[in-house]
Amino acid sequence: MAAIESSLSPNWTMALRSLWADATPVQRFALILGVVLVLLAVASPLIAPFDPNGQSLLSRLRPPLGFERAKPGYLLGTDELGRDMLSRCLYGLRLTLTLAALGSVIGLCIGGTLGVLAGVAGGRTDTAIMAAVDTQIAVPFTLIAIFLLTILGHSIEVMVFVLALDGWEKYARILRGETRKLMQMPFIEAARAAGATPLRIARHHLLPNLMSPIVVQFTLSFSNIILLESTLSFLGLGVQPPTATLGAMVGAGRDYMPTQPWIVIAPAVLILIVTFAVQTLGDWLRDRADVRLRPR
Amino acid sequence: MKRLLTATALTALMVAPAFATDLNVAAANVSSYLDPGRDHSNVGSQFYFNTFDPLIHKDYSTAEARWIPGLATEWTLIDDTTMELKLREGVTFQNGEAMTADDVVFSLNRMYQATFAPYQVRSRDRLENFAGAEKVDEYTIRIMAKRAEPLWETLLNLQQVFIIPEDYTKGLTGDPMVAEDSDYEAFSLAPVGTGPYAVSEFVPGQKLVWTRFNGFWGDKAPLDSVTVTRVPEIASRLTALKTGEVDMITNVAPDQLALVASEPDMHAEGSATALFHVMIMNMNHPKLKDARIRQAMSLAIDRDALDEALWLGKAIVPSTHTMKEFGALYMPDLKTFEYDPEKAKALLDEAGYDGFEITFDTDGVYYTNGLLAAQAIQEMWAEVGINSRIDVDPKWTGNDPEMMARNWSNPMYFADPFGSFGVMWAPGGPSQSEGRFNTDEAYAASWDRFRYSSDVDTRRSAYAELMDRIQQDPPVLPLYQPYESWAMRTGVTWVPQAGHIPYVLDFRAGAITVDASN
Amino acid sequence: MLRYTAITLLRMLITFFVIVTLVFFATRLSGNPIDFVIGQGITEDDRVLLTKYYGLDGSLWTQYLSFLRAFTDGQFGLSFLERRPVAVIVAERIWPSTQLLLTSIALTMIVSIPAGILAAIYRKGWVGSAVMTFAFLGYAVPNFVLAIFMVLVFAYVLNWLPVVGNGTALHFIMPTLTLSAGLIAALTRFTRNAMLDVLGQDYMRTARAKGLPESLVILKHGLRNASITVLSVLGLQVAATAAAGSVVVESIFAWPGIGDMLVRAAVNRDYPVLQFGVLTVAIAVITINTVVDLAYAWADPRLRQAGRA
């Protein structure tokens, strides 16, 4: 548990230094990448060369600089309405990271609470929560999304809610399983026998041991949400145009893959990079969080 | 699969050794049902012409109305409202039944005196003037109109009055002597007509197989069989054509034409389709009641720029709700719709537009380039100061009082302005009864003259009056006739013909040739 | 064990009922199918006519009852669009979907369990990194981008593989790869992590200390214990794929499967197809999960003894 406590302690420089020292080159690379992506996203209004929604109908589908017919000043070319790909990618990255972060945090809060509750409480509470989980798992999520978006409208807020809803049942199911497993462990039984309150057990004994599955599920969920958003765009259910997200750009651009592939390649590569950074960092944190894997 | 192919090849060898030709088509969409009577969708229109015949055919190679005998060999008006038709003898349906006057009367009256709800709906907007049909003898029938009808041939050439077999249809379910609703429902899954291709397999929404009908009364079908499969993704359709899995594909967007042109073993054919993509505006929305706001919305849209950018200049931008397929009623001189951003700004000022948000609803995929056009329109509106938001939803919102503007299409259901503008914008018609379009007595009077006058000039001037009304208080802006393309492998020769309604896949004799080398 | 099985089955039934009811009311909340089925430009009179024709004119309660009744006649109602029994439509599509799901599960297990074990054992080495990089690639690319990319490379350019439909074994290759990519990525990661958890456990050290060969230790103790986590993840992932992931694959490869049917039914508000289609998928998913649950209990005696729920 030492690892977690140290990384959460106020002594940030120490913690970071220890993190860095412990990392493989790939992990260091991912960390830098993650920082750069977040900075780009935050700064996108400042660094984007053009209005992401500004069209130029007479210079549609221009390739990136360096190719024939490229349009000066448009580094990554233009899209199907003559909008600057680079600006759209930057703004898209910003919104995509926001959606994914909000979606996975909300999903974690709902699912994590319910999962641990089910695991600790057992009995009727467990049955009820798991029935809800089973129901959600058994109904194709695209359908849930279609109905929610029709009934509640197509706003960004609804989109966040829909994206969060896709993840909660996974947290719940996994954390319930892990909690149940832990509840059988001698040290928790001992704590209970010693009269610790459920809340104390949860905080001091469960949570540290649940960090590993939480982190893994969080990183999966984060990339999952990015992909889900692109699938919704594929089905015409994503964020409303002209708003750019990476998923929406890929979804709307797919018809141009045979002819103007850069329209899809740029946002797809960004999705790839984001996912790579998130998952590598996730694996790293997970390994560090897992006390058994500390260097012996 | 392989064995199946061998078996087919063997059969083909025995039956028609020289010209065994099968065509595979990948279509963006395949109908959910096949009944020409109740259908007027763009998807459905693709499939009826090969299987069914009307009483009166036309020369489909030209946009002009040249009527030629179909299942009727001659037709004469015996008074203002009655037409007598001699039926072709020796016609058989694809199930072997001989076609008689009973079948024809049954087919016509299933629409004219419809009892089946989907027929009633289709009948009301275009066949309202027909009272019924009756048998005179085995090969003679009469059709009675309610009022003198200027468009007899046109309205007997319609897909809705294609001829179907009576006994077969009635016998599909329940009592074989009675036409129940369930008979028509069953018919739409196993349709039978008199055309050159029989539907030999139909999986709704997925696949359709036509087989040559050797008992066809006219020129024999040039193909042994045609298989149409639904392949919704354009990348997959193009690839299937390239690999040779299919011989022909539908719905090639203008942006893909360069790719097709660059491939030596395929080519594309297209035409500006007899259909308008339109923008409709809700006259009765509280914020759009002032006609000047809607005029500005219309004036702000540079349709030529849309054509140049999205359609490579191949679409047709109309000056009024007219297209050359209308023949004598084609009126390109009328200037109902134009691009004038300065005037748009002035009108917005006059009307006191305060920057409220106008929503533009669109389906994400239904109209080629529809979503792109919506976004371009949003930008053009912004140029004149109109603030807007796009709402993408497959739901039809044309009947929603909250709807402000959205895209739609006004297809030409038959070659007359009545078959396009007339169906959609009639007094009491769909647009009005959906609550987004108003008419008054003067409009109705003009409409009546346009619809029923037997004098072409009267019809023209009445139509001009209607267009004038549309200009003053606009409910609609026709954007363009989209340029629709099909691509096929080298060796397949097919073009969309000007005499057809939009999207018809005509594989009859003379319409397609396929070299058998493949 | 018997009690546990009985409780699991009862839970399944309750879930079915909840789903069926939820779907019924969700569909009714989300719009009148007339707007989708016939849709554009019909007069008010005609709306009334069609509403009656489709049996949508009764009160919500009447409709709900007739909906429940439809489950007893073996047809499950008529599709609004196609006007044929829903049972026929679903039956047409269930086998192609199942085939694709089975090939994908098979491929996933074959690839990701060994890969996950390797990645765990060689955690710090290049093998581990390589495996995890590939696993991550499968997860990081939207599956339709992967699918269209494969279509363009293997069919358009190279002309090795067919694109349309499910006619031959060759037709399975690209759809299976597309559908498996995400599954393989997820399962490899989870297998790796489960193995890591297990490798650090005391009994593994004990086993090693007893001098058993490393590979035997890993296979016997490691896999056995890791399988608990792996199973539960597999169940979840397969369920998710069965339920949602296939629609993209089906529309790109013109695969006549159930995902495509469901999404089209949902978009068009073809209630009868949608309702029964959702139920069919739910049955499949819940069955998979129940089997996994039972396997879970079998693999972990502590849970079995404790009983659940």
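Just a few scattered comments:
Each chain gets a letter, A, B and C, in the order it is written, and its residues are counted from 1.
To be clear about the criterion, a residue touches a chain if its C-beta (ideal position, glycine included) is under 8 Å from a C-beta of that chain, and two chains touch if they have at least 3 such contacts.
Because the structure is a prediction, the values reported are computed rather than measured.
Across the two candidate interfaces, A-B and A-C, the one carrying more C-beta contacts is A-C. Measuring from the average of all protein CA coordinates, the nearest chain centre is that of C.
Centre-to-centre separation between chain B and chain C, using Cα means, comes to 39 Å. A separation of 46 Å divides the Cα centre of chain A from that of chain B.
Chain A and chain C have Cα centroids separated by 21 Å.
Looking at chain C, one finds that residues 31, 148, 152, 156, 267 touch two or more other chains. Touching of two or more other chains is recorded for residues 233, 235, 238-239, 394-395 of chain B.
Looking at chain A, residues 150, 254, 257-258 sit in touch with two or more other chains. Per the touch definition, chain B reaches chain C in the complex via residues 1-2, 26, 32-33, 117-118, 120-121, 124-125, 181, 185, 188-189, 203-207, 229-233, 235-236, 238-240, 242-246, 394-399, 408, 424, 428-431, 433-434. Only residues 24, 26, 122-123, 126-127, 130-131, 134-135, 137-143, 146-147, 150-151, 170, 173-174, 177, 180-181, 184, 212, 216, 220, 223, 227, 230-231, 234-235, 247, 250-251, 254, 257-258, 264, 268, 271-272, 274-276, 279-280, 283, 286-287, 290, 292-293 of chain A touch chain C when the two sit together in their complex. Listing the residues of chain A that touch chain B in their complex gives 53-55, 57-58, 60-61, 80-82, 150, 154, 236, 240-242, 252, 254-260. Residues of chain B that touch chain A in their complex: 233-235, 238-239, 253, 255-256, 258-259, 305-306, 308-310, 363-365, 371-372, 374-376, 378-379, 389-395. Chain C contributes residues 31, 35-36, 38-47, 49-50, 52-53, 78-79, 81-84, 89, 92, 148, 151-152, 155-156, 159, 162-165, 167-168, 251-254, 256, 261, 264, 267-268 to its touches with chain B in the complex.
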